[in-house]
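Next up, some structures in structure tokens.
Two complexes are shown next, each including subunit A; its partner changes from subunit B in the first to subunit C in the second.
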Partner chain A sequence: MRPPLSMREPLEEVGDALADDALTRTPPRVMSSRARLIVAIACVALLVAVPFVVPGYKTSLVIETLIFATLAMSIDLLAGYAGRVSLGHGAIFGIATYVVLYHVTTGGGSPWVAMLLGVAAATVAAVVFALLAIRTSGVYFLLLTLALGMIVWGMCLRWTSVTGGENGLRGTVAPAWLAAQPVFYFFILIATSLMTWLMWRFAHSPFGLTLQGIRESESRMRTLGYNVPLHLFIGFTVSGFFAGLAGTLYAFFNSFVSPSTVALAQSVEGLLMVIVGGVGTLFGGLVGAAVIIALENLVSFYTERWPMVLGFMFIVTMIFAPEGLLGFARTLLARRGAEHRS
Partner chain B sequence: MSMTVFQAMNGATFAALLFIVASGFTLIFGLMRIVNLAHGALYLMGGYFGLVVAHRTDSFTLALAAAALAVAAIGFGTYTLLLRFVGGNVLRQVLLTLGLALVLDDLALVIWGGDAFTVPIPEALRGPVQVGSLVYPKYRLFLLLFSVAVFIGLALLLRHTRLGALIRAGVDDAEMVDAMGIDIQRVFVYTFMLGAALAGIGGVLGGAFLTLYPTADSDILVFSLAVVIIGGRGSLAGTAIGSLFVGMLATFGQVWFPELAYFVIFGPMALLLAFRPLGLFGRTA
Partner chain C sequence: MLEITNLHAAYGDAQVLRGVSMRVDKGRIVALLGRNGMGKTTLIRSVMGMTPPHVRQGSVTFQGQELRGLRPHEIAQRHIGLVPQGRRLFASLTVTEHLTMLGRAARHRSQWSVARLFELFPRLGERRQHRGHQLSGGERQMLAVARALTQNPELLLMDEPSEGLAPVMVQHLERTVLELRQLGYAILLVEQNLYSALAVADEAYILETGSIVHHAPVDALRHDRPTMHRFLGV
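Up next is the complex of A and B:
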């Protein structure tokens, strides 16, 4: 743990210092590759079985989990690998949802074209966000992405003639052949698995390693001759692209979008999923999404005070387990493994 | 013509409120590097406390005092019970205050419900006043004077008191202040309480003309963020200029481009940041 007063360095070093924090540190690997294969196969089997074992409402919860897991992973690409925590990804996600619904309901276009347009719009938004935000790091990055996300929210709320204001846009988007729930479930499962694989590849590519290098020390990477702003720019854009893809799937799933889809709360929930699952673990996003969405539904069953529970979760996680559930488990396993060996 | 003057006055008085709220935010941000995302929630809490006291005692002054004290107490609790445990880790502090904001907002919703309330203002401040050809609400002029008083008070506090000197020294180099044998933690607690109290006072003042409603906190928080981002961390003058800038843009933006009002506020802010990432008066060290 860093001493409380060592945050007096210039801005850049603050970014470096943040990288040391438990929040943005990749935990050690503990499972053997064989154990991981078994876990992976078990997960896949479980996911395939879902629509047959628990059809109806619970399957739709799993669909929601998969979509938000993708959003969480896209946030983790930046937070966990480049060390930049964004509070604007909910807005990028929601832009895609808005564009899809607008194109299909108001424009009467095809859902697949709408999907393309949605992802394109989200990517353009990510480009704009990235151009403004990559020069900052640490808290300033957080503030700036928060403010940019708020612009999107404000526009969606006030630009009534296009976005429908508070009422939002409503309409069935998904094509008819996806109407049956098991079909739709497998469509989402395949799409999100593909995106997860792509993000994993991206994070573990030489480019992803460069991002990790920037997280560890921006100045060192610059000295080594890496174009740091360009890498961050591309990293942000790719991350926004995946957030946009998740947003289009959400349009298919939800058939409704309102300003709350682009609100700060969306970014906050996505970030909490990342933190609960463990920053820099990528797959942790799935665990986090499952935990948060399951909890949200459980809590809503008993009380309407979900925001309060969410807030308390944030406080408790930050104080006791900033490395998240997966990170916590990994640290525990690593400690046990070390004791075992000695 | 007089309409433009009227709007400019509205912009200036809104800026006055923003200054009171954002100066508390920037004090905390400047000294401790804590981005207190619960600042909006503290504003809302202060407004509701003031509302209760004003209804019970019929005194606006008491309402202001009660709100300042109660919210300072919340600030004290927040710092000593929560933020100390994540000391030094800037990101964890920010996210913790975000959690706190969610809790406080929901608490306010439980206690006071979803209706909009107005804090009653004293008889002396009601009604309009005529300045030349311009007829303008008395209360808003009072708000303008009040914010100038807050500005002078804070400037005097920072320039001419021991606490002020410690805060200024802490903004420049908190580690060094600590090394000189001064209990910087105590300075931190006082500053956090002062910043929170300013949010509480802002809540009462704002609640009297903007009304209090469940999402008022995020509105004021976003504006305060914009002010601090434009003005730069920990600078009183920067906060004043930032407030004026944001207050005017918000007021005229809403008149000229009602649908794109948000963009009018944040577009220039984003542009400014592209050239000065630390704001107008921001310093790195």
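Up next is the complex of A and C:
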């Protein structure tokens, strides 16, 4: 039998025992702080230059990209951080759009009040979705959110007195001072930047860390004292809140809403943006939205078979960059960094 | 502090715990020994309210309050910390993130600030930006203990903490466990590593096919070679 602790050698050698490769390992840094700053400044400069460099149609594409990037990032909050893939966010997004258009065009209300009501309606919808869906996971969560989204779509299609049925609702909802495209562009840029920053803060807050913990192991989180369903409920609601904000901006931008805005395709497209950009990267949503909207609109300019090109792009991404474009770029940079160090 | 009385637990039709009774008092380290498959981890899971197993009979009380019927997070919130078998860290989170997950308000209530945890485990302080999967086995074990301490526990359940560690790391772990006892923690130490358990524990229970077959102070057990040979194969 080993001698008791008090009779053993002092433990100074503990440090030495740890001096395996773990000691020499340093966490891989994808980019230095300076490089990050340069990339951030370049991105901001690029975005600020857009309405001056490519005015008109291409600027409106960037506006659309920023709005859908916000939707994609809201989906990523749930899919990438909490591990819950939702197919109901298109419906939550669309509810906000419907409420804004209804309040302004039918009710004759203020667009800012409409915006508040739109976000409130989307958040309430998210609460209902969350209450029903948070106790499920995996494919069941996916199917439940899909079903809830389908219910919303069915209501928008059939409740014609309010939603206009298949004809939808049409009308300019953005205030007059946003009529000029550059002004509207900067309004959207500032709003989406603010939302992106808020989502980033949320994802990296202690609460966001608990969502990541839940994604990795629910049972582990429970034994650490975390109320997993409550955390998922809050996570879903916050995610729905941001999807709703994106929906209200879409109402300002598109001035039209129809059942296709709340349809499954909308949720799927948002999810594809996340997947193409990189699940769990948050900013991947922006990359995915840019790629998909660019392909949808620019490739269709050259060929009628643009969905084929889109499908091909998805396949290539899944095979060669399953972690998404941003994830792929990070891996590549990390590898180069490691090679450089060695 | 923790009192388990006549606990019966099963996985489906397979009865694993058969009337286990034991107690862990404040400031004591109690070792639960037994060979593989005897029900040690099942006992820990039963105390924490995890299913499976299903507890069919008996009671688990902590500071006089019944834990049976509570959900795992409610049990953990009653200041019971778990250091699970295999560490079970979060691979994608850094050391600091593991320890700050609790939120600022809760951390203020806890007597274990991140700085204090890094004092207890200086190695973790040096590795604060490393992710769970980038740590060595010993560092992972330190982080698992530190993570449990962030919950401000009064009782620590440690499930095979020395498993897979180098001998020198086991000694380091033992020192930590003794320090925690000095701070007044009650510790239920589930171990297959008899030597490690005997080095730190005050008393020991031996679990054999789901029943407690022996209970003695560690000093007595250390000299009771027939018992150790019979139940622990030593």
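The definition used in the following text is that the second predicted complex is superposed on the first by the 295 of 342 C-alpha atoms of A that agree within 3 Å, B and C clash if a C-alpha of one lies under 4 Å from a C-alpha of the other, contacts with A are read in each partner's own complex, and residues count from 1 in each chain.
Criterion: a residue touches a chain if its C-beta (ideal position, glycine included) is under 8 Å from a C-beta of that chain, and two chains touch if they have at least 3 such contacts.
Since we're looking at a predicted model, the values are computed, not measured.
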item	value
Which of subunit B and subunit C A:226 touches, first, second, both or neither	second
Touch count on subunit A, higher of subunit B and subunit C	B
Touched partner set for A:296, first subunit B, second subunit C, both or neither	neither
Partner chain in contact with A:268 - subunit B first, subunit C second, else both or neither	first
Which of subunit B and subunit C A:150 touches, first, second, both or neither	first
Partner chain(s) touched by A:206 [first = subunit B, second = subunit C, both, neither]	second
Contacts of A:319 with subunit B and subunit C, given as first, second, both or neither	first
Contacts of A:217 with subunit B and subunit C, given as first, second, both or neither	second
Doubly contacted residues of subunit A, that is, touched by subunit B and again by subunit C	1-2, 4-5, 8, 11, 14, 18, 22
Contacting residues of subunit A [partner subunit B, same complex]	1-11, 14, 18, 21-24, 85, 131-132, 135-136, 138-140, 142-144, 146-148, 150-151, 153-155, 157-161, 264, 268, 271, 275, 305, 307-308, 310-315, 318-319, 322
Subunit A partner contacts - residues on subunit B that touch it in the complex	33, 35, 82, 85-92, 94-96, 98-107, 110, 173-175, 178, 184, 218, 222, 225-226, 229, 258-263, 266-267, 269-270, 273-274, 277-278, 284-285
Touch list for subunit A against partner subunit C, complex	1-2, 4-5, 8, 11, 13-18, 20, 22, 25, 27, 206-207, 209-210, 212-213, 216-217, 219-228
Residues of subunit C defined as touching subunit A within the complex	48, 50, 71-73, 76-77, 82, 84, 88, 90-94, 97, 100-104, 123, 129-131, 134-136, 138-139, 147-148, 151, 166, 168-169, 171-172, 174-175, 178, 195, 198-200, 222
